[in-house]
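Look for subunit A in each of the two complexes below; its partner is subunit B in the first and subunit C in the second.
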Partner chain A sequence: MKKFIGKRAVASAISLVGLVIMVFFLSRLTGDPADLYLPVDASHQAREQFREINGLNDPLMVQFGRYVADLAVLDFGNSIRQSRPAIDVVLAGFAWTLWLACVTMLLVTFAAIVIGSLAAFRVGGVFDRIATFFSLIGASAPDFWLAIVAIVVFAVNLRWLPTSGTGTIWHWVLPVSVLFVRPFGLILQVVRGSMIGVLSSAYVKTARAKGVRNRPIIFVHGLRNGMLPVITVIGDQAAGILNGAVVVETIFGFPGIGKLMIDSILQRDFNVVLAAIMVSALAIFLMNLLIDLAYALLDPRIRY
Partner chain B sequence: MTYRLTCASSLLLGALLGSAAFAQDDKAVTIVLSEELELIDPCMASQSNIGRVLLQNISETLAVFEPSTAKLLPKLAESWEETEAGAWRFKLRSGVNFSDGTAFGAADVVHSLERAISDQISCEIGGKYFGGFEIQAVAVDDTTVDITSDPAQPILPLLMSSLTIVPEETPLEYVQTPVGTGPYEMTERNMGTNIVLEKRDDYWGEAPEVAKATYIFRSDSSVRAAMVEVGEADIAPVISELDATNQDTDFAYPNSETTYMRLDHATAPTDDRRVREALNLAVDREAFIGTLMAQEAVLATAVVPPSTAGYNPDLKPYAFDPDRARELLAEAKADGVPVDDEIRIIGRIGLFPNDAEVLEALMAMFKDVGFNVTLEMLEVGEYNTYYNRPFAEDRGPQMVSAQHDNAKGDPVFSMYFKYGSEGQQSGLVYPELDEMIAKATAATGDERAALWSEVMTSIHEEHIGDVLLFHMVGFSRVSPRLDFKPTIATNSELQLSQIGFK
Partner chain C sequence: MTQSSPLTGPARRKSGLATVLGLLWRDKFAFCAALFLLVVIGCALIGPLLLEDAATRQNLRGRNAPPFDMTRDWAFFFGADALGRPLLVRIIVAAQNTMLIAAGAVFFSALIGSSLGLAAGWLRGRMSQVILRLGDVIMSFPSLLLAVIVLYMLDPSVFNIIIVLAITRIPVYLRTARAEVLEVRERMFVQAAKVMGASDLRIVFRHILPVVLPTLLTIATLDFAFVMLAESSLSFLGIGIQPPEITWGLMVSQGRPYLTNAWWLSFWPGLAIILTTLSLNLLSNWMRIALDPVQRWRLEMGGRKND
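Right after this comes the complex of A and B.
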């Protein structure tokens, strides 16, 4: 197991180095940050001065060498936009995104597994049809539309919930609900499909013949074997949110890493882009590792 | 019984939590801005949202320009006089303290100016208002400062209305906690969430009515408008026209921006006056008002708003006359002007609401009279390579869609940049116009206004400098509980002391 984790860590580190090199040079191709930070009326002297202060006048290889040397002592450089360490900016945003992803994915996983399993138990029944109908709508609903409609209905018209922000637990209801819809629809379909296969297998028929009740058949005998493909999809969806739920963060004013990353790319805040990519990549590496371990836990045939 | 008890408890809990979430203090206001303040340094207060938090709330200036009267009023300076050409003496107010407790004096003014123009920190105020000439401040005594400029700046007191004053101890790097002499101090800053200002008890001036202001950030206009509607916020200084649907709470105000098409006077065919006139006559400006542009937008005859010194109200926008435009083009063509050459319209994505639609309509109008035009919408970085000098030698005929902001009341902040032969964004090359601009720049008082008026008339009538379009408006939503009406200044600042309660 330790050997497996070590191998995965080395492979991920190599990928990360490649990613950092690529992003460092590609991001510089987007243009000069002075064009965006200084007013359009700014003189050539002011632009030159801005570049000098931010080390943008040096040749690219010199800039890269300096970046790598700083990175070796865990100095990710400063954000041009915020004039403070880029890693502080990124970690502050990432904490919000991590919370949002955890809460959403816990709710999604629980709801999708329970409803998907029950739907698979009686394929074609009323419950199955209703669950399938709503899951397909959820899987195809655009986030930005859902978010605006949710604000208009629940905050403006009914006045049940705040429009946006992060102050109280009520502020989390709309963003989490909007984020919930799409992965819920997708995972429910995967659970349903997987469980239909499992529940029609020989060992489940044997269990039924032996008089085992429905609930243990679904949630004990069936679910464990049906979970392998579901875990893969859960991991994929969680990675999507960890990379930033840009639309939800933008509309609901959640200061997460997705909006930060988009703003930083648009504003050419290179150090923040690089720090955000490294933090996201590390989080996704850890999550993939957990998924691999979960495979081994669910299926005794898988051993590392 | 149990059911009723549960319902009653739920309602009570809901009411408590709900009130905790949405309550507003009596004398507190919440202002929802369109983007988070990345920097909160006073020397960056010329940026709209930073200015809305800092200007005259935390950071004060020696003088204040009042757009409604076009007058310069004393603030931290009690008076000023020109001692000789280019040299001004400012008498400072005594008994003023910064929010950190230190006393305000001449050394603070000297340091604030040196910091703004220092090459160790990229201050926007320095680059925007104090670039292109030498300026130096010397403390005569605790309450007297001499400021000299070379070449002489007759509007130096007006320039000082842009210089935010910081304590002498402020380092030559961006500060995260601004300190100023204003009626408020920053008591909280939660990155990504909010900024809180609270009223100072030891403020030197009249105590404002607003005790506390919380600034929050939402990038979506409809969310900002909804927040004011449901009472979560009191002012949304900028909302889109589409969201300004409530006559009781939504205000349109001139936002000091002017849109225009910059013409290239050095490249054929727009180097020919008849072609430039034809371009102007081809545009049905009235057709845009109330359709693609706001109903309150005003047709422009200069690149500065009507509240600017020297603005000539007698100038008339070019009338829509496509027949005359066709005649002018035919005359130019007969004289060998290559009027059939393709002219590229260069637009910037997101420059103003409906910008792509406006440019497409303009393109159709130009084509209708016989021009061969194409439209390219560019991202800001690429757009700037067309907008700013040095222009490419092989650029070919082009018109650049542009927008200019001047809320400072004097054309000097516009004319050299926009119309000087070496102006950063100028498409004009006329030595005689350069002389007129230089003469107006050096003049003072009524003569100055008259000379600027001549400059603007010359650009509009004689040279036909651009295709001027509209003085723009912005939209704000204000809670009915407040006594506050947005003005042209709302584009760059939001003085809490001007907000009252009904």
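Right after this comes the complex of A and C.
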């Protein structure tokens, strides 16, 4: 087990290092922050001073060396835009996204598993057809379009919910519902497919023969085996949201890590971009680990 | 008597196309989906040739003209955009870029990913490890972020977007192809071919590829929908295709400022996206059954799929 985690950590660390190096140099090629943050008529001297303060004056290799040296003592540099430590900015955004991802994925997992299992119980029945149809539509819907339509209907016309921002619990309803749709459609289909296979297997027939009721058959006998492929998809979808639900966060003005990343890229706040990448990479690594543990928990045959 | 009875199924000779069409007809959803996709492809191929002019002609007096106005030209049935250009025509013309990007990205990622996967599955050893790690590295990248950075630096042309999207989708095909090859290579017919002295290339392309291809095709269809959505998101964020080029995602984003008084600007292109991806999903579902000899009976039997 320890060896497995160690191997995983090394592999992830290698790709993270590659990613950080790439982003470090690529992002600095996108342009000079001095052009963006200083007024158009700023003097040459002011520009030089700005670059000096933010450490952008040295050759790229020197900058990179300094960045790595700072990283070694967990200093991620300062955000140009907010002039406070980049890691603080990123962690604040990440906390928002983490909440958003947790709430959404809990709802999605619960709904998809219950509805998917029930649909698989009577394949081809009315409930199955309705569930399949709606899950297909859900899996096909572009989230930015859903977000826009939801704002027009529920915020602008009906005035039930706020259009964007945070503050009350009502602000969470629209982002969560929009993020809910696609993972729900995808996971529902996987649950259904996997449960169809499980429910027609021999041990389920045995359980039925000895008189077990329908509900325990689906949710106790079937689900435990049917969950294995489902967990993989849940992990993929959760990773997608953790990586920044960029579009949804942007539209709803949600101060999460996705919006932070895209704003920082567009505003050339390099340190924030790099810190955000590292934080979300770490989060995804931990989540993948959790998923592997869940595998082993559900299926004792799996050993690491 | 040369006429064979309808019971001896295999004796009836049908062309491949007729069989496929027959199977398609059995699944009405998939049939409608295929028809809709044909229409979209038709729009993408000939739309811009016929309607390029009409799609860019501005008419400031008809700004944000509402939809379903029968008194005007058919082109304005879905209303007009902020510069008075007919939405219906613009959607038809935008189909070309949208389809071109998705098709290009799927084609390249499927081609490269499957070749690498076939190689990794057949060769095993060091080479296979290198290829697999490469896939892992791509997988661990946040793909949207990668796209944002690359497109922000390079010029966001159709070609660059295709390349970026293609790279991020390579691992999907790579892993599937490899997993399938690992299983197929142990089967008897591959062993037989090997014993009879067939070369590696011949075995991979003549014996293994045909078995793996249906799975890859199904995935490619599903992925087409995914890539379309990804491209739309990029365009929506303003880092994809730039005006005056248009795609459906860009149209949704262009309509966003007018949401409160002209919902149709964003609604129709979004509906086009959703219908196309839905069709692709339906078709992929059908393909999964139709191309699988073990499950094909479900379609041939018709009727309820009880098991």
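FYI, the second predicted complex is superposed on the first by the 297 of 304 C-alpha atoms of A that agree within 3 Å, B and C clash if a C-alpha of one lies under 4 Å from a C-alpha of the other, contacts with A are read in each partner's own complex, and residues count from 1 in each chain.
Methods note: a contact is a pair of C-beta atoms (placed from the backbone, for glycine too) under 8 Å apart; a residue touches a chain by one contact, two chains touch by 3 or more.
Not measured: the values here are computed from a predicted model.
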Which of subunit B and subunit C A:Asn243 touches, first, second, both or neither: second
Touching partner for A:Ala139 - first (subunit B), second (subunit C), both, neither: second
Touching partner for A:Gly93 - first (subunit B), second (subunit C), both, neither: first
Touching partner for A:Pro255 - first (subunit B), second (subunit C), both, neither: first
First (subunit B), second (subunit C), both or neither touched by A:Pro300: neither
Touching partner for A:Pro59 - first (subunit B), second (subunit C), both, neither: neither
Which superposed partner A:Ala46 touches (first subunit B, second subunit C, both, neither): first
Partner chain(s) touched by A:Ile148 [first = subunit B, second = subunit C, both, neither]: both
Which superposed partner A:Ser27 touches (first subunit B, second subunit C, both, neither): second
Subunit B/subunit C common contact set on subunit A: 30, 148, 151-152, 156, 250
For the subunit C and subunit A complex, residues of the former touching the latter: 133, 136-137, 140-142, 144-145, 148-150, 152-153, 225, 229, 232-233, 236-237, 249, 252-253, 256, 259-260, 263, 266-267, 270, 273-274, 277-278, 280-282, 285, 304-307
Residues of subunit A that touch subunit C when the two form their complex: 11-12, 14-16, 18-19, 23, 26-27, 29-30, 123-124, 136-137, 139-145, 148-149, 151-152, 156, 196, 200, 243-244, 246-247, 250, 261-262, 265-266, 277, 280-281, 284
Contacting residues of subunit B [partner subunit A, same complex]: 17-18, 20-22, 36, 38-39, 41, 46, 119-122, 124, 126-128, 131-132, 173-174, 176, 191-193, 216-220, 222-223, 226-227, 229-230, 232, 380-382, 384, 387-388, 417, 424-425
Touching residues on subunit A, where the partner in the complex is subunit B: 30-32, 35-43, 45-46, 49-50, 52-54, 79, 81-84, 89, 92-93, 96, 148, 151-152, 155-156, 159, 162-171, 250-253, 255, 259
